[in-house]
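Next up: some structures, all given as structure tokens.
Next come two complexes, and both contain subunit A; in the first it sits with subunit B, in the second with subunit C.
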Partner chain A sequence: MKKIDAKGLSCPQPMLMAKKAMEAGTDDKIEIQVDCAASVENIGRAAKQIGWNLTVLSQDGDEAVVELNKR
Partner chain B sequence: MGFFDKLLHGLSGTGQRKNGLGSGQGRSGGKLPERAGRTGSAERSGRGILVFEQTGDVIQAEKALKKAGFAIAVKAPPPVLRTGCDLVIEYQLVLEPGIRAILAEKRLKPLQYYQVADELLEPVSIFHRNDYGEYLMVRAANMKITVQKSNLRIVNVSGGGCPDVPYLASLLMNRKLDEAQPLLDIGQQTLCGYALQLAFNEARTALCA
Partner chain C sequence: MRNSKNLFATTGGVVVVGLAIGLLASLLQHLGNPANMGICVACFERDIAGAIGLHRAAIVQYIRPEIIGLVLGSLVAAMLSGDFKARGGSAPIQRFLLGMLAIIGALVFLGCPWRALLRLAGGDWNAIVGLFGLAAGIFIGTLFLRNGYSLGSSNRQPSFSGYVFPLLMVGLLILMLIFPQVPGEDKSGILFYSLKGPGSMHAPLLASLGIGLVIGFIAQRSRFCTMGALRDLFLFRQTHLLLGVIALVVAAFAANLALGQFNPGFTGQPVAHDDALWNFSGMLMAGLAFALAGGCPGRQLFMSGEGDSDAAIFALGMIAGAAVSHNFGLASSGAGAGPNGPIAVGIGMVILLIIGFANRKKA
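Now for the complex of A and B:
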């Protein structure tokens, strides 16, 4: 499973990192750490567009760990 | 009283403009004095800005003025004039009589008319572009739109906080810049919807020109 640390990055960078990883085709599961609530929403929208599911594994304030799974 | 206190005191008065453009009934506004050593004052002196109470008024005024053929620009207010509405309209002073007529006809009443006579009254561009290589992000005020440069598809819409943002994002996501519908044409009038429309237009200018 690929892990991405996107903490400290502002939109749209976390989403672009997630999109690049999903489109690379090397992993079916990707874990991403973010510290901006809007990033979770943006990554979720991008994932939906290209056939992936997003699950929030943990959330504490603006910090969150999300998992992307290929459908 | 410090310089900025004097400045704000001078700008916040109601009734008549203190200098510059004359004293039309019901108008208010101001002009900062020219100061020696400032650069660009001649360039500034031909422009003015309109300050409105609400973003909705700015949107309506921009629409009416552009429809009437006036060359105006929506910008962010200079720090000394920030009152709540995050946008102002910049115009050429020579156009002011016509602009006043259009606004009166539309029953739009600016809070203030200011002559841009000092850098402290210089409006600020609301646009910012950030190139991420394969992607271009354009921010207009509080909204960002990100486009994949190779195919012109919108890959992200973010910012704001208005309740219509998720809906607007769903309209634009994965659409190509040259096929996405202009948002204002379908009725959005929030600051986010308006700013997103501006960002969309700016992205088109950057990538579709």
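Now for the complex of A and C:
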């Protein structure tokens, strides 16, 4: 499973990092740390578009860990 | 960040927000704002720069309550939703410069992206040329983004840091109340007012402030951004934000028709010129600056309200850039490009490309 730390970055960077990892084809499961609600929404939309699911694993204040799974 | 579903951030939500902004902007024109300028973040920040004497262009001096409302509306929305987070420290001086260059470009065209859309909805076909320039500038920005461009991470800051820019807005509002416009006078206390020109045309204070607050609130929730709309289309083939932008034009067009504010044509358009080269180039420069900074002028104000001091620095850069623009003869007028506008666009594009290349990070 690939892990990405996108904390402190604002979109489109977290979205670009997520998309790059999903399209690399090496992992079916990707975990991303973000700290901006807009990024979670954006990554969710980008994932849905190319057939991946987003699950919010944990949320602590501003920080969230989301998991992307290939459908 | 709370885990509740944010309806405004759905595509339906962003379309509703776009419709509301278009409608309310058209209404502001009906209530007294300049034609095709219901809300123009660049023009209004320029007017604020004039009102506090940073430039002395007599026709564009007024503290626009819409700007204050946009920031404070976003602040309220962010605090209620848990999105408020004081953050900053991501390349501040470069963001200031990007703000300056963005408004210098926007004032060569005569409007921010919002006004480009409102000009289109009012029948000013020069806006089409400007929007093509905007799209081209944002497209160049996406090339940098694809190649690792990033201004780097921001850090958490003490809460007060996030309140500084909203408090500045409150300060401007207080100044306006202490030194209100006196009919026939171009100065009230320490504030400058316009006796003629766009700066003299404005909706009543409460309408401007109230509509600004409403738009700030819903735009914060929906992440409405005109730059993001085109950027996401180019980068991700996503039309989510773009649908909101189209909705803005549709609503403003319909409202303009109903209110008799639709006047199609290229020539004689209000607060506009018909020099296609500089309409295109000005917005090209502005579009690239918005893309490199991560948001259109409106979105930067909403992020400022969320506690993002990097966005606030961009907004302050815009106010400083507006002053430079008018002091140095860079801004256009109805007659065409300003005497030094073309050279400013040339130099500005070079600086933007340097910023783009200098901030590429290795994967």
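The rule is short, and it goes like this: the second predicted complex is superposed on the first by the 71 of 71 C-alpha atoms of A that agree within 3 Å, B and C clash if a C-alpha of one lies under 4 Å from a C-alpha of the other, contacts with A are read in each partner's own complex, and residues count from 1 in each chain.
Operating definition for what follows: a contact is a pair of C-beta atoms (placed from the backbone, for glycine too) under 8 Å apart; a residue touches a chain by one contact, two chains touch by 3 or more.
Since the model is a prediction, treat every value here as computed from it, not as a measurement.
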**Prompt:** So, does A:Gly61 touch the first partner subunit B, the second partner subunit C, both, or neither?
**Reply:** second
**Prompt:** Taking the superposition as given, does A:Ala38 touch the first partner, subunit B, the second, subunit C, both, or neither?
**Reply:** both
**Item:** subunit B versus subunit C, judged by how many residues of subunit A each one touches
**Value:** C
**Request:** Return first, second, both or neither, reflecting whether A:Lys7 touches subunit B, subunit C, both chains, or no partner chain.
**Result:** second
**Request:** Check whether A:Leu16 is in contact with subunit B, with subunit C, with both or with neither, and answer first, second, both or neither.
**Result:** both
**Message:** In the overlaid three-chain picture, which partner chain does A:Asn53 touch, first (subunit B) or second (subunit C), both, or neither?
**Reply:** neither
**Message:** Using the superposition on chain A as set up above, list the residues of subunit A that contact both subunit B and subunit C.
**Reply:** 11-13, 15-16, 19, 38, 41, 45-46, 49
**Asked** Can you name the residues of subunit B that touch subunit A in the complex?
**Response** 132, 135, 137, 144, 146, 155-156, 158-159, 166, 169-170, 173-174
**Message:** With touch defined as at the start, can you tell me which subunit A residues reach subunit B in the complex?
**Reply:** 11-13, 15-16, 19, 38, 41-42, 45-46, 49
**Complete:** Note: in the complex, subunit A contacts subunit C through residues 7-13, 15-16, 19, 35-38, 40-41, 45-46, 49, 56, 59, 61-64
**Request:** Going by the contact rule at the top, pick out the subunit C residues touching subunit A in the complex.
**Result:** 1, 3, 6, 9, 81-83, 85, 87, 90, 145-146, 150, 152-155, 223, 228, 231-232, 235-238, 240, 294, 303, 308
